[in-house]
Amino acid sequence: MDRRITLEIKNIRKESKSVKTFTFSYNLNAKPGQFIMLTDFECGEKPFSISDCTDNEFSITVKKIGEFTTRLFQLKKGDVLSFRGPYGSSFSLSDKVLLIGGGYAVPPLLFLSKMLKKYNADITIINGAKTKEDILFIENFKRITDKVFFTTDDGSLGNKGTVMSIVSPLLQNEKFDMIYASGPEPMLKKIVDMCDTIPCEVLIERYMKCAIGICGQCVIDSLGIIICKEGPVLDKEVVKRLSEFGVYKRNASGKRVYF
Amino acid sequence: MDKKLKVEFLGMNLESPLVLTSGIMGLSYSSLLRMAKNTAGIITTKSLTLVPRKGHKGPVIAEFNGGILNSMGLCNPGIEDGLKEVSEFKRYSSKPVIVSIFGNSIEEFEKLTEYVNHSEGDFIELNLSCPNVFDEFGLPISASKDKVYQIVKSVKSISKLPVIAKLSPNVYNIKEIAISCENAGADAICLINTVGTGMLIDIKMVKPILHNKFGGISGPCVKPIAIKLVYEAHQCVDIPIIGVGGVLTGEDAVEMLITGANLVGIGSGIYYRGVEIFEKINDEILQVLTENKYEDVSSLPYLK
Amino acid sequence: MDKKLKVEFLGMNLESPLVLTSGIMGLSYSSLLRMAKNTAGIITTKSLTLVPRKGHKGPVIAEFNGGILNSMGLCNPGIEDGLKEVSEFKRYSSKPVIVSIFGNSIEEFEKLTEYVNHSEGDFIELNLSCPNVFDEFGLPISASKDKVYQIVKSVKSISKLPVIAKLSPNVYNIKEIAISCENAGADAICLINTVGTGMLIDIKMVKPILHNKFGGISGPCVKPIAIKLVYEAHQCVDIPIIGVGGVLTGEDAVEMLITGANLVGIGSGIYYRGVEIFEKINDEILQVLTENKYEDVSSLPYLK
Amino acid sequence: MDRRITLEIKNIRKESKSVKTFTFSYNLNAKPGQFIMLTDFECGEKPFSISDCTDNEFSITVKKIGEFTTRLFQLKKGDVLSFRGPYGSSFSLSDKVLLIGGGYAVPPLLFLSKMLKKYNADITIINGAKTKEDILFIENFKRITDKVFFTTDDGSLGNKGTVMSIVSPLLQNEKFDMIYASGPEPMLKKIVDMCDTIPCEVLIERYMKCAIGICGQCVIDSLGIIICKEGPVLDKEVVKRLSEFGVYKRNASGKRVYF
């Protein structure tokens, strides 16, 4: 039986104006890419990727975006939250790797990069966002590897442009064993389309309710892949065959919402 | 598929007596398609309502020793979009589809039926288990034999498809309700819907785990209740029965069939054994048939 | 016993909030004595009837994933012999005893009460969960707020002991029933009795496992139902509540207390964790108190 | 969870006019002294001691006494019965041992004697009954040990008198590590009273319903020992302190029935 765990917040770190990392003392035993379902028992239960996980603590990194995350932002150290998990699939580890993160979807890549470093992988990271303020984990990633590239749409940090502006030339010059990508779906789509020969794993977000693979809410067309169980990390070979990928997702009622 | 698993249901030949039950993985065409490929004999959509419903706020699910509590709140994209998923399903599969509908009144059920009449669905299932609407005596609709009769009768008079009435286990006298359905012209009944409701509390936060506080119970622990009600219904009606509730294994499925069910619904079992559960149970049914020297599923005996 | 576990119940000081619930190991004085030694705060006898009952033929018990099905059939040595066991118990222990009685009519309940008046019992508990007797509207007695009111009222008017009404979970509106009990003068209510009934089939022999076919459900899987009904009852009555159903651990017990129970009954838990369950749960409650920085059991909060 | 097993009768052996042994192919993994709850799903479920048990089969030996056992006697090889178990405590194994069986309660001692023989114990057996016809397992016991004594009340086999007529002199001449006794309760009482210094284990029968320790039916005064779980085999030190032992038992309603 899956247990529900209710824990005090051990630490809160402000990452940017609208992003905070919450840390809990607990041996979650999670793998990078996996997520938890979090609730404050006020209203709603939401999925969050694990942004760090050791033997005695784990973290999630939250972007303030709506009702639930706004309430999270009012919490203080010592306040209590409840979660279940970890759920879902995880990234595999490879030797020479490229991590591509976009916007607020980078938290799972932080956890992944730490695991890859332990694994002694040769790591390159591209981290892009609209503007400097939205770029997460600048220092953390720099500690992981020298090969970190930042991009912003407005050029306020790193390269001006999207992550693709770095990815394309990079792939022409270097050969990677694996590309990991987490970001807005249109970005992921471009990456998958580009990676014809290079292995690639992609983290896909879908609306989640049960997170245990029975309600059908998170299932993605046309293969019927259950993102809460078989995802959120999927191999690009699977992703390519998903007619829904990059085209639409489903809202809380199951209605299609086009990108 | 092994021929021994073949069964007939309301004039249709099914590859297996296993049914994907309503509300489990039934929101989108690709999900239904996957269950069909996983050797379900027939599949049921999520219960569809006139307008889209987002369902209750989370947490909507809580597990406990022996079962699952859920308060999904009938989230669904609405009848129009729901039926589009059915059409898309039919582009890839010829497996029969049961369209489940849920209304808050006879009128709603009738309107929904009109939609289904113009769809590619093969059967229409009435989710009669609304715990929040009451008849004039204060009985929940699902427990009122008169209300159940009226809804089935109204739908039956306009439906182009065979009508299955899905019943709640939370009633004092299932026999009366089942007979009402048969008298009203139902082509089959399906039971049981979730048991309860129940509630669980987080002792650290002193809060109900489900945001809706209460949730319906499903999973292995409801099997004895399902078996009992299928048994009672089978004793008093002649229309076929879809037996649902707590089925996890081939032995459970055979137990349901022997008790009086013509088909066996699989719901929460998908959580316990994965989407491959249909293949697993079908294999296990074959094993039980061999061990007990039964020719095929259709020749299983009925409990007296 | 740790002082933190002490609770008050209808003017009595109990060492622990744990109650041995009716029908579990409660047939003989030595059995009751052993449970009392195992740190139950208060113990309940098997439900006693006017004449001895052998109960149903076996099998009377069947296990399943999450719970137990039982059809004991209220076997008991009769009120006279049953009360002798209570006297013998009292020779060795001063722990309070709840005498459970079961009648098929108001008259039977009254006669039984007269016996208990002349016994050494401390409380009288009315087992109102008779699924086989119906009121004039066809409702089982346990679901008829009027019948429940009448029985409690009659007993209360003659009983020398505080009266506890034990309620069935198989009702549409527990609130009405609980309020009826309070209005009729009940000193406390106890809920829940077994859920269902349910049924299980032996697929090899194509026979119901229980000789009585149907049995009541208890054990961990009924906890969500018990919690929900205790919660609802607590919202509408002021008399104390004994919460029973599926309690196996100290966390379960605290969940029940937080939900609205004043005392917590332990039944099937004895199967899952042995007769030492009372000691185990008491220890676990203390742990939960410490972890969550509560002074003692009495200072646990109530769910709003 | 305890499983219910439904099996064909593999073999039926007539032991005497009113006693039959039923054998089933199944790895029951029982210990001597333990019992099963047996039903034919017609009416009733009854406890029977295991009279033999190997890796691939087990037996019970049944005395025809009432409704249920009479139905059992009508069954043929290949007919089906259902049981649950094994339940209860078992006899311990010792080096120099005396087994005392009375009447139809000897079946568990047959299983025990076989285990003791495997254990290389020095085995003496006393097997008594009213008359020759009622003495069970004559040949089986002879195969176990030369030291088998039979007693009958009427002298039709072995010593005339009760088992006690052999037990008393035997105990004066020999020192046993352990006495095992199974028989009518008055007989057991005498043995327990006699064994002041010798370790002794006794098999006590009580009316059983649930057999899983919740209904309270089988509980024995004054210690509240649960015979279906903590018995049926009890150490004489416990037995001595049971005010009920040898005095009364309880019928199906829980009413006391005095011996």
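Think of it as A, B, C and D in the order they're written, each chain with its own count starting at 1.
Assume contacts are C-beta pairs under 8 Å (C-beta built on N, C-alpha and C of every residue); 3 or more make two chains touch, one makes a residue touch a chain.
Bear in mind that the values here come from a model prediction, so they are computed numbers and not experimental data.
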{"item": "Both-way neighbours, i.e. chains that touch chain D and touch chain A", "value": "none"}
{"item": "Smallest number of contact steps required from chain A to reach chain C", "value": "2"}
{"item": "Rounded Å distance between chain A and chain B, as computed from the means of their C-alpha atoms", "value": "36"}
{"item": "Interchain centroid distance [CA atoms averaged], chain B/chain D, Å", "value": "50"}
{"item": "Contacts with two or more other chains, residues of chain B listed in rising order", "value": "62, 64-65, 204, 207-208"}
{"item": "Residue list for chain D, restricted to those that touch at least two other chains", "value": "none"}
{"item": "Touch-based graph of the chains, sorted into line, ring, star, complete or other", "value": "line"}
{"item": "Chains grouped in pairs wherever the two touch, ordered by label", "value": "A-B, B-C, C-D"}
{"item": "Residues of chain B defined as touching chain A within the complex", "value": "23-35, 46, 52-55, 57-65, 68, 70, 72, 75-78, 81-82, 202, 204-205, 207-209, 211, 267-268, 270-271, 274-275"}
{"item": "Residues of chain D touching chain C in the complex", "value": "1-2, 4, 6, 37, 39, 41, 43-46, 80, 82, 209-217, 219-224, 226, 244, 250-256"}
{"item": "In the complex with chain B, residue positions of chain C that touch it", "value": "64-67, 69, 138-140, 143, 170, 172-173, 195-201, 203-204, 206-208, 213-215, 217, 219-221, 223-225, 227-228, 231, 246, 248, 251, 254-255, 258-259, 288, 292, 301-303"}
